[in-house]
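Pasting the structures in now, so scroll down.
In the two complexes that follow, subunit A is the common piece, with subunit B as its partner first and subunit C second.
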Partner chain A sequence: MLDLDYSWLADPAYQSWLVVGVINTLKLAAISSIAATLIGMLGALALTLRIAWLDALIELFVEVFRNTPPLLQMLFAYFTLSTLGLQVTDPDTGLSMPLLSAFACAAISLSLFGGALAIEAFRSGIETMPRAIIEAGQALGYSRWARFWRIEAPIATRISLPALTNILSNLFKTTSQASVITVPELMYYAGQIYNDNFRTMEVMILVLVIYVTLVSILTYLMARLERWMAFPGYGKAAS
Partner chain B sequence: MTHPEALIEIKDIHKSFGKFNVLNGIDLTVRKGEAVCIIGPSGSGKSTILRCMNGLMPIDRGTIRVGQHQVHSLKTEKAMRPLRHQVAMVFQQYNLFPHKTALENVMMAPIQVLGHDRAEVEDRARKLLDKVRLGHKADSYPGQLSGGQQQRVAIARALAMQPDVILFDEVTAALDPETVKDVLFNIRELVEEGLTCVLVTHEMGFAREVSHHVCFTDHGKIVEDAPPAEFFANPRDPRTREFLGQVL
Partner chain C sequence: MMTAQLSYDAKKKSVLFLLAAAVVVWIIVDAATGGDEHWARVGVRLPLLLTGSGDGWPVTGGFILNVLLSIASMAVATALGTIMGIATLAQRAVIRLPAFLVMNFLRNSPWLVLLFAMLYIIPYEIRVFGMVIPFPPFMKAVIGLALPTAANFSEVIRGAVQSIHSGQWEAARSLGYSTRQIYMHVILPQAFRRMIPGWMNLYALLMIATALATVTGIQDVLTILNTSLAMESERALVYFYLTVLFMFFAYCYPIAVFARRLERAVKGDNI
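Right after this comes the complex of A and B.
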């Protein structure tokens, strides 16, 4: 059964598909990870302001994105943002084309999905912080902003980092769903290749190995970051 | 009393959380250089009094003056800031910022909030850590210090702000008995040096020896306010008598 044939890998066309696919996967993962982390931080910051309507809005956002399949979110983003409404006319050809590419739609939907999860992670990081720490900052005369950036955010980030690692590695895997809306990332080219050479098993195994490698590198880097940012009493002990 | 100048003047303050009245008309005067102890049963509003004094908690009615600040009329955090520089506070626990070393904890606010010169602040901070006898722990993180050591760093941090008054809210309540006396030693030293201190405490011996007057709170009122000799030997209010009977 395991009569695997990888001779097709010598074909430069397949090679370049795989390389482009990996690059696009990395791009998509990087953009959405950074955006998701920023959304998480800003959302958690906004929640500390305790403004009723803003809280309700963020709550709704988190619930919607956390409780629906990310694939549905991506299709939704693609069909609403790219095919409906937002159209621009290409100045060269005079043809009407979507303002946002499939890649942009995937990046936006993944950022929102990851952002909703990250808000939760940072929020719980802020909430598990003893209230006295915040009051101590207040009593020392720190302004609201200074308190957030100098005290709450650094501590909450360290507390939330393990949860954030999970979110980002999940987000990395979820980038594969962008193939459904024709984003030419790794999964998309995998399909192209086995539709072309019918070596489905070989292609799947290769793609699996690539994902395992990339996600392992990500979790390794996050673990390094966790250790670097750790302080005694919170998270992994500083070595 | 030999302290004519009233540094803190609290008149008839009221505070409620919903229907629950935490403070029901508190009057309290603290003169410059005095140590005032507040004792009373749990939930009687002691912490709330301290929080109102430095504006951490707004009051519903009454007036609070600290130095030249009319605390009850300060509405924004920004308006509050000069007051916070004058009034430092040490809490029961978790005072320190866990992501900063002891030295950094002491240095942070003078540099970041007061804008003082870094080199000068470091010098000041090291001297203060020496004063609380923790100079050798300057580079330790709070998680590496005992509860008592953390409290002494918190005291050094309060002093680094060069305040006119320090509020202590049951700072030894969460500590092991052995470490309590080190913390009390540091506080006693400050009082002897003439720093104005308001202390919520359950350490009766300490209150008797160190304070200029002792207040007893019950259900949001100060029911007794007397010099310690009188307070402990001849309490007038039956509630004070009952409480002292239980704890002494």
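Right after this comes the complex of A and C.
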């Protein structure tokens, strides 16, 4: 039924497209993952201050980004930031061109999307921390900040890690949508290849396998990190 | 402590209310200073964006097609996910391991890539016993979106079944129930309650993902946004984007809030 022909893979042009695509996907994923984690930590940190107006602003941010399609967010970001946004004049050609490339727009939009999810993850990590630990810290005479940095933050980070793994793998998968705004990542080059050789099914299967492999490696590494960071005798790793 | 808690929430709510009011004021001010002609364009196109036809009837696409797509996909995903979830809980490794493999493959693949792959892997029609079953793009989109959703739903089922205290198993076993009876009469009725929030969250996620179906070429809200709006001015497009973003938000946010409320209610009954 399926007669798959992968002889086109021998072509160096296709090989280099695939390699460049994977590298750009990894770059986009790395940048947006780091930014999303930072946004998540800062957001959750801001929530612990319990300032009502800040809390409301963060909630609005989280809900808007969680409840709208990331594809639409990306298109909107690309459109507003690149087409309508800041323009610079190219010194060589004298033409006006957008300051932010498609890649930058995708990175910004994915960072915000991932950041909104990460805020939720870290917030629930802080919330589900056992009260007894905080009370023990208070009883030992820790100051508010020492308690946060030495007790609450390390434990909350570890509680939030499984949720963060989910978010980062979700974010990695979402980077494929950047192809829609012509970011030259793996999915974009997949389109280039099958438009060239018409081996659509073969290309899509290969790309699917590459993505699954990359995401599996990511989740494996995060599981390793989880085990490495685990406190002896505390949490899931203890059992 | 209790009153402080309440006043904090009340304060937060009032700030959120103020923010909503600020958005309304901004829209009015913007409309008064030239935005109204753009909003008028959005108003003219609104029936098209919602139903796919300029007069609002018949429904041929648009946001309503996204809703229909999400419902159809969710139905398929629920059936598939239940089978997959039960298979991953099977005692026999012959059933369990392949189910795990398929589940993890689907969970680790990007929705967009999976949708694209389904678009090309599924033939245009299948012949079974002389009957020709056509596969229009809509059906392909349903299947392409249902597969990752099913994998996620099977994970929800597994989590819910495993969250039932092991004492329940031991009690049922000591009463002489068979494994099948334990599932049917003891475990699943309880697990079912805990699945519902996860199922609803998954539906909201699926609804958001229906935006991807634009790659299959069906006339969903994004396709219409991209094609028929090429003739609008650049400024007006911002208003169109905001309108479509708001459609998704208005549909998904209430579901997310309801799911969270249920989740909190279910958390209490830890037997």
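Heads up, the rule we're going with is that the second predicted complex is superposed on the first by the 216 of 239 C-alpha atoms of A that agree within 3 Å, B and C clash if a C-alpha of one lies under 4 Å from a C-alpha of the other, contacts with A are read in each partner's own complex, and residues count from 1 in each chain.
One rule holds for everything that comes next: contacts are C-beta pairs under 8 Å (C-beta built on N, C-alpha and C of every residue); 3 or more make two chains touch, one makes a residue touch a chain.
Predicted model only: the values in this text are computed from it and were never measured.
Is A:130 touching anything from subunit B or subunit C once the two structures are fitted on A? First, second, both or neither.
After superposition on chain A, A:130 lies in contact with subunit B alone.
Taking the superposition as given, does A:201 touch the first partner, subunit B, the second, subunit C, both, or neither?
It touches subunit C, and subunit B stays clear.
Go through the superposed model and pick first if A:151 touches only subunit B, second if only subunit C, both, or neither.
A:151: touches subunit B, not subunit C.
Report for A:224: first if it touches subunit B alone, second if subunit C alone, otherwise both or neither.
Neither partner.
As a test of reading the superposition: which chain, subunit B or subunit C, is in touch with more residues of subunit A?
C
Which partner does A:50 reach: the first (subunit B), the second (subunit C), both, or neither?
second
Can you name the residues of subunit A that touch subunit C in the complex?
Result: residues 50, 52-53, 55-57, 59-60, 63-64, 66-73, 75-76, 79-80, 83-84, 169, 172-177, 179-180, 187, 190, 200-201, 204-205, 207-208, 211-212, 215-216, 219 of subunit A touch subunit C.
Using the touch definition from the top, list the residues of subunit A that touch subunit B in their complex.
Listed in rising order, the residues are 130, 132-133, 135-144, 146, 150-151, 154-155, 158, 231-234.
Along subunit B, where are the residues that touch subunit A in the complex?
It is residues 54, 56, 77-78, 80-81, 84-85, 87-89, 91-99, 108-109, 112-114, 141-144, 154, 157, 161 of subunit B that touch subunit A.
Quick one: in the complex, what on subunit C touches subunit A?
Counting only subunit C, the residues touching subunit A are 8, 11-13, 15-16, 19, 104-105, 108-114, 116-117, 120-121, 204, 208-212, 214-215, 222, 234-235, 237-238, 241-242, 244-245, 248-249, 252-253, 256.
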